[in-house]
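Presented below is the structure to which this report refers.
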Amino acid sequence: MYKDIDFAKLDMERKKRKGYLEAVFCESKTDEEIIKIFQTFYEANQNVLGTRAAKSQFEALKKVFPDVKYNERGKVLTLISKEIDRVGEVAICTGGTSDINVAEEAALTAEFYGSYVKKYYDVGIAGIQRLFDKLEEIKKANVIIAIAGMEGALGSVITGLVDIPVIAVPTSVGYGSSMKGLSALLTMLNSCAEGMTVVNIDNGFGAGYSANLINRKIEGK
Amino acid sequence: MYKDIDFAKLDMERKKRKGYLEAVFCESKTDEEIIKIFQTFYEANQNVLGTRAAKSQFEALKKVFPDVKYNERGKVLTLISKEIDRVGEVAICTGGTSDINVAEEAALTAEFYGSYVKKYYDVGIAGIQRLFDKLEEIKKANVIIAIAGMEGALGSVITGLVDIPVIAVPTSVGYGSSMKGLSALLTMLNSCAEGMTVVNIDNGFGAGYSANLINRKIEGK
Amino acid sequence: MYKDIDFAKLDMERKKRKGYLEAVFCESKTDEEIIKIFQTFYEANQNVLGTRAAKSQFEALKKVFPDVKYNERGKVLTLISKEIDRVGEVAICTGGTSDINVAEEAALTAEFYGSYVKKYYDVGIAGIQRLFDKLEEIKKANVIIAIAGMEGALGSVITGLVDIPVIAVPTSVGYGSSMKGLSALLTMLNSCAEGMTVVNIDNGFGAGYSANLINRKIEGK
Amino acid sequence: MYKDIDFAKLDMERKKRKGYLEAVFCESKTDEEIIKIFQTFYEANQNVLGTRAAKSQFEALKKVFPDVKYNERGKVLTLISKEIDRVGEVAICTGGTSDINVAEEAALTAEFYGSYVKKYYDVGIAGIQRLFDKLEEIKKANVIIAIAGMEGALGSVITGLVDIPVIAVPTSVGYGSSMKGLSALLTMLNSCAEGMTVVNIDNGFGAGYSANLINRKIEGK
Amino acid sequence: MYKDIDFAKLDMERKKRKGYLEAVFCESKTDEEIIKIFQTFYEANQNVLGTRAAKSQFEALKKVFPDVKYNERGKVLTLISKEIDRVGEVAICTGGTSDINVAEEAALTAEFYGSYVKKYYDVGIAGIQRLFDKLEEIKKANVIIAIAGMEGALGSVITGLVDIPVIAVPTSVGYGSSMKGLSALLTMLNSCAEGMTVVNIDNGFGAGYSANLINRKIEGK
Amino acid sequence: MYKDIDFAKLDMERKKRKGYLEAVFCESKTDEEIIKIFQTFYEANQNVLGTRAAKSQFEALKKVFPDVKYNERGKVLTLISKEIDRVGEVAICTGGTSDINVAEEAALTAEFYGSYVKKYYDVGIAGIQRLFDKLEEIKKANVIIAIAGMEGALGSVITGLVDIPVIAVPTSVGYGSSMKGLSALLTMLNSCAEGMTVVNIDNGFGAGYSANLINRKIEGK
Amino acid sequence: MYKDIDFAKLDMERKKRKGYLEAVFCESKTDEEIIKIFQTFYEANQNVLGTRAAKSQFEALKKVFPDVKYNERGKVLTLISKEIDRVGEVAICTGGTSDINVAEEAALTAEFYGSYVKKYYDVGIAGIQRLFDKLEEIKKANVIIAIAGMEGALGSVITGLVDIPVIAVPTSVGYGSSMKGLSALLTMLNSCAEGMTVVNIDNGFGAGYSANLINRKIEGK
Amino acid sequence: MYKDIDFAKLDMERKKRKGYLEAVFCESKTDEEIIKIFQTFYEANQNVLGTRAAKSQFEALKKVFPDVKYNERGKVLTLISKEIDRVGEVAICTGGTSDINVAEEAALTAEFYGSYVKKYYDVGIAGIQRLFDKLEEIKKANVIIAIAGMEGALGSVITGLVDIPVIAVPTSVGYGSSMKGLSALLTMLNSCAEGMTVVNIDNGFGAGYSANLINRKIEGK
């Protein structure tokens, strides 16, 4: 069911059990470890997604897999050997420009696992007209991801206006009493708007994964 | 769009905009206020759902609306004048018996808004076999709600075993460093299991609302 | 400058120094102490404002001063012997009906110190249309007080739409991770909207006092 | 109403709606992004204010706009093409010399938006005579900004002595249990002195913006 | 050295080792336990001090020891059979009237162990003139205890004006973000004023004990 | 393996799997539920242990099972139908008399599961001689449980003196910044003394269970 | 009993009193200090264990003691001059690959003090089958150490399946609301699983020490 | 009374008012600022004490004042032009070797202001015999400073054994849940030992200042 490569036990039949492939959290891994993991999946004929990857990790990997792609803002690696079948639509909104890193991680994750994605960046509530201008378009999605730091109220405002599941992602953007995203996290958890759920601070991957899962179920996949 | 009844502005056309009726948060309202709100919705020919309702509030309401129902564990009031059309299935699991209050709130909410619900209570990880025995049955649902206090690990274990969206609800059950549910909330937010999102501590209503929304979308409603 | 009545030192010339009379924080005081304090100010021919007063304190006071008034929601006592000269306008908005207690404290304070007050209750962002409907009217005020619990985003949304000073008051309304108002407080402090300042959780008095001070300065008083 | 420049949506008619121009938060932006934003506003014939700007950002900008100015302590950029009309007076007081960075941000913001500013640095309560010596002069302002770290009591002492609106800014100056400004923030929120409101830790910009707004309203602007 | 009375081990020779008798913390003890402890010390010919005592505990004790005294505000019991030799002077200042409970506990403790005490109540910084009027008198003490809740800045202001050791006591007076005294505690710990040390929230006993110890040492006892 | 009694799933073969019987956490259960659970175990011929039981629960239970025993300080119920085989020795030490409630819960738990217990109450570090006098006796145990509130240093001092496993239990005894046991918990977690592990605040049951498990293993059971 | 080497007092007879040698916490010590300490123990003919050692410290030490060994992941130094007598078995499990650093510290500590160790890495609950595959083998140990970051639920799941003492170690692995290990720590403290105790975040040394102590006692040492 | 040197207001007559000279907190000051401040005091014929000084600041200062001294562990600068008259004795104890930095700051401060100091380093409670060996000597001091990180229990143990005022200083030494000294701070505030007061985390200066103040008062200075 899984492959034991000494320092890790890789879940090779995850697609069968969970419907989707395992992702590789790159942060505290050595270049050698990442290459070994990518190799194992690649040889098993599986696409690979790496998150929280440093640019230097990408460069090391590229020498072995010239086809690997890297998104620098989202810190995401992808090595695609089988075409991805995409369906439906996930809308990804951010409050400000500083939330884009997390948004890119979410977008690439949802795309990797099989969703079409549309992006609406910098539509935060300080200038609420920007959001209203895009609202009709956003409402065409099956799932909405709302990403915001600081006060984190974007999710509540959107959720109050739609009948679509919203996944809110607090970001660590801010200073002072924003406490590295805790303020935005609390705002989102305490929202009165109905139909919104929350993931961990900066967890673009988790939001993208759940959004894709719901999106595909809605599309009958 | 909404009706201004002095102390509150009731959202009468919410069904059109949000797809679902507004719920009444009863906690700090007087009997008179609750009666007035129920009356307004009732006269507009709408079903009414009241959450966090005390037994005394139910008794006051019953004098005016003999058909109102009260679930004491979930502290939920329902006044149903139009039949509810239910579809799909939401599975509600709890870690222990003390989490049942929150589970009942979630179940009644999901049912009120149009989902069939199945309950799996006391299947926490301290005796993990109880969960495995029910797993095949649980997997038939479109959405799973996982409710747990104390360490709060139920959601992670379930999510690791299924390819269905999971909504985790931390409860304030516990003592000492459980800090009224904060420990369980943090466990859930930090889960490595993919496909799980989280709502506020004890927020059975929010979980039930979102689960129903996703369940119905999957059923094409 | 102040009068020493054993257990307290009353600021009798505060109006000269601070422009406004001292208020009496009733919470942990005995009936006897409150009566003594009211008496001292009354004999000096000054209006008196008491905050956080229990109903029983009002009843004890009423026996001595039949003209004393009590607002039960705001827990405010007023004993008016000199007519109050009011100017300008302070707008007081609340997110929900549960925030009205704090709003009443703010309103009575601003009125006591010399402002006209207009109230906009239950205009929270979960149904943002309610706020937009009142916006033109709200914009006529010199100062806006925005009161909200739970996620606390009302202040940000209003501030983003006006060029008027906004004072935000978080309330302890909520449950779970609202942490008795801390969540709303953090939301407000981290707001990106420019022109908003914040006071302590449930501090209707402080907001009313500052709003009146600014309102009267704007009116040239 | 706003201009969409791909990574951001700039609020070009903000002056009409909010009375004042938008400021640029430079912290996590690339040099290219900042230049693009300054260019957009500059071409629309608007003055530009940049906050939290690194020296290297200033140097990059200077190559394109030789007239841009940089205040190193306040980390503030200004590009002034239309003369600013200033009125009234904002007094800015700091507890110690380490609070000057935040004070400079506040001062430059208030000046940018149209206020005259007077500075009273290092007048903290450890040597309270320094404050008393300046008190009569400080009282000439329309609004006072009180900036302090560590225990953060400066705002309370000043507010107790004047009938002028005070905006308190906690700073992250300190060590140990100062917890990066949380201690000073709590002190200010819990002040008994009436007439003081609070902004986020180190938020000199927010204080300067609100002080200017109130100051100009008092001056009839 | 100590006497084992089953549920407790009483320190009978504490005076020899520590210089002072043990005090009895009454809070969670039964009437029977308190009577037994008082009896043991009384029979050993020692004065007894009980802190955090409920009125009902006093009444139970009074039946056995008619000479026991009770201070209701400070919740302190004293049973004096040997005359106390007092020296020097401890000054006890409070910010407001709500801090008097803690002040009384401190005063009775310092007196019990051998100090003369002078009280300066309600001299907080909101009306700083009240403090300045008493300053010369306060400066005659060997040690100052500064007691304050809410923002808790009294200790810093006093310490900045004297060359006498100051012991600061935060109190749990306040609401909202005062967090039951944590705000005042942090203020005091972060004070820039030199010569001040701090004890636990509401710990009047600890402040009185330490103040007496220092006072008597200064007096050569 | 377990018995499903509707509101709970009882682990009937736990002794086989875990070596020990399940305990019943009584806190939020109704009298009926507790009776039903006791009945189920009793009929399966198993001893039953109930923790966190109110006196009223004991009284309800006593009507059905006249042999049930109740320890009021420890809030522990026991219904013993099969003789318990006890071995080895667990030493239980408390810092003060207020920690005895937790100690009794620990003692009854360890005894229920098969250990002999010796108690050393009120040996806290404020009068460290009391501990030294008992040290040789304490060292005869296989496992030591150290229970303390407030500063919580008892465990460290004991652990520094013995070569026996120590389990530390913080208690919620204290006030002010003791924060309901968090202070003692942190002290214990940060101890430099080697050989100590920690359980949750007030978790006498958990300490008693683990101490018994280790004690019996050492005795070869 | 101990040797005073100016900056430290070394416990030379610790083995007699505590049964085991003292370990050297290297973190904030200079190379000179570490060499001096190793020398002192070495000359006394004792094995030496150094924890939290930087690679540069190892290199400095190696010049003096060519036989010193360094484990880079665990940051552990060992200088073995007397053969170690090992008994029994300690099982060390980790949730993920990022927890291995802490696991290595625990393993080397347990081995140094006299236990055989078996390692089960990357068996976390996200893919629970990996744990079940190893369970029978794990159950052969006398003591289990369960190491996990993020949600930290590994310890609960294992403890629910065995009748062996479990020591849980939270790790600082994670991001966002994991708050540097506090989330995992709380999960572990609040576990419902019986037979588990906890040590400080990242405290592999403490877990290894306690596990060895219990393991050896069980083996009759 | 004070000298205004633009960026700071120096308290030149502090000795008259407070009895002691002002100290210079060097942390966030430029070399130029520090030189200017030292110069001002030096020219006024006063000794100067600088705390939290970097080595580079010392080197810049040395070029202007060749007689300036620097203690690298305590990060303390002293420039002595008038002989210091020392009296009495302050004992400074640390729990471990890592607390020495803070101890040196305390020692140099107490010496600068006029006390003799004796040091007892590495006498923490993990090996309590080290403390007992020094106890009689420690007891000769007028004041004791107890410095400890991690669990922070040293102060309580000492205070329980003496009748001398103790000032406890928590240090930020530790890891995991020590939370940069908060754990030790809470331990000290919650101590049951009578006669101990507390200062901020790592505040060696504050402890040294207060200890000297008390010591000199006891000596009649």
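Which chain is which? They are A, B, C, D, E, F, G and H, in the order written, and residues in each are numbered from 1.
Heads up, the rule we're going with is that a contact is a pair of C-beta atoms (placed from the backbone, for glycine too) under 8 Å apart; a residue touches a chain by one contact, two chains touch by 3 or more.
These numbers were taken from a predicted model, which means no experiment stands behind them.
> Please report the minimal path length, in steps, between subunit A and subunit D on the chain touch graph.
Step count on the best path from subunit A to subunit D: 1.
> Spelling it out: a chain qualifies if it touches subunit F and also touches subunit G; which chains qualify?
B, H
> Taking A-D as the reference interface, identify its repeat among F-G, B-C or E-H, namely the pair sharing over half of the contact pairs by residue number.
Among F-G, B-C or E-H, the interface that shares over half of its contact pairs with A-D is B-C.
> From the C-alpha centre of subunit B to that of subunit E, how far is it in Å?
51
> Per the centroid of Cα atoms for each chain, what is the distance between subunit A and subunit B, given in Å?
Chain centroid spacing, subunit A to subunit B, equals 27 Å.
> Taking each chain's centre as the mean position of its Cα atoms, how many Å separate subunit F from subunit H?
Computed value for the inter-centroid distance: 44 Å.
> Which residues belonging to subunit H are in contact with no fewer than two other chains?
In subunit H, the residues touching two or more other chains are 127, 160-161, 176-178, 182, 185, 189-190, 194, 200-201.
> Which chains touch, pair by pair?
Touch list across chains, by label: A-B, A-C, A-D, A-G, B-C, B-F, B-G, C-D, C-E, D-E, D-H, E-F, E-H, F-G, F-H, G-H.
> Inside the complex, what are the residues of subunit G that reach subunit H?
1-2, 7-9, 11, 14, 25, 27-29, 33, 170, 172, 180-182, 185, 200-203
> Spell out the part of subunit A that touches subunit C in their complex, as residue ranges.
Touching subunit C: residues 95-96, 124-128, 150-153, 156-157, 160-161, 174, 176-179, 182-184, 186-194 of subunit A.
> Quick check: in the complex, which residue numbers of subunit H touch subunit E?
The contact residues of subunit H facing subunit E are 17-20, 23, 142, 160-165, 167, 185, 189-190, 194-201, 206-207, 209-210, 213-214, 217-218.
> Which part of subunit F faces subunit E closely enough to touch in the complex?
Listed in rising order, the residues of subunit F that touch subunit E are 97-98, 100, 121-123, 127, 129-130, 173, 175-178.
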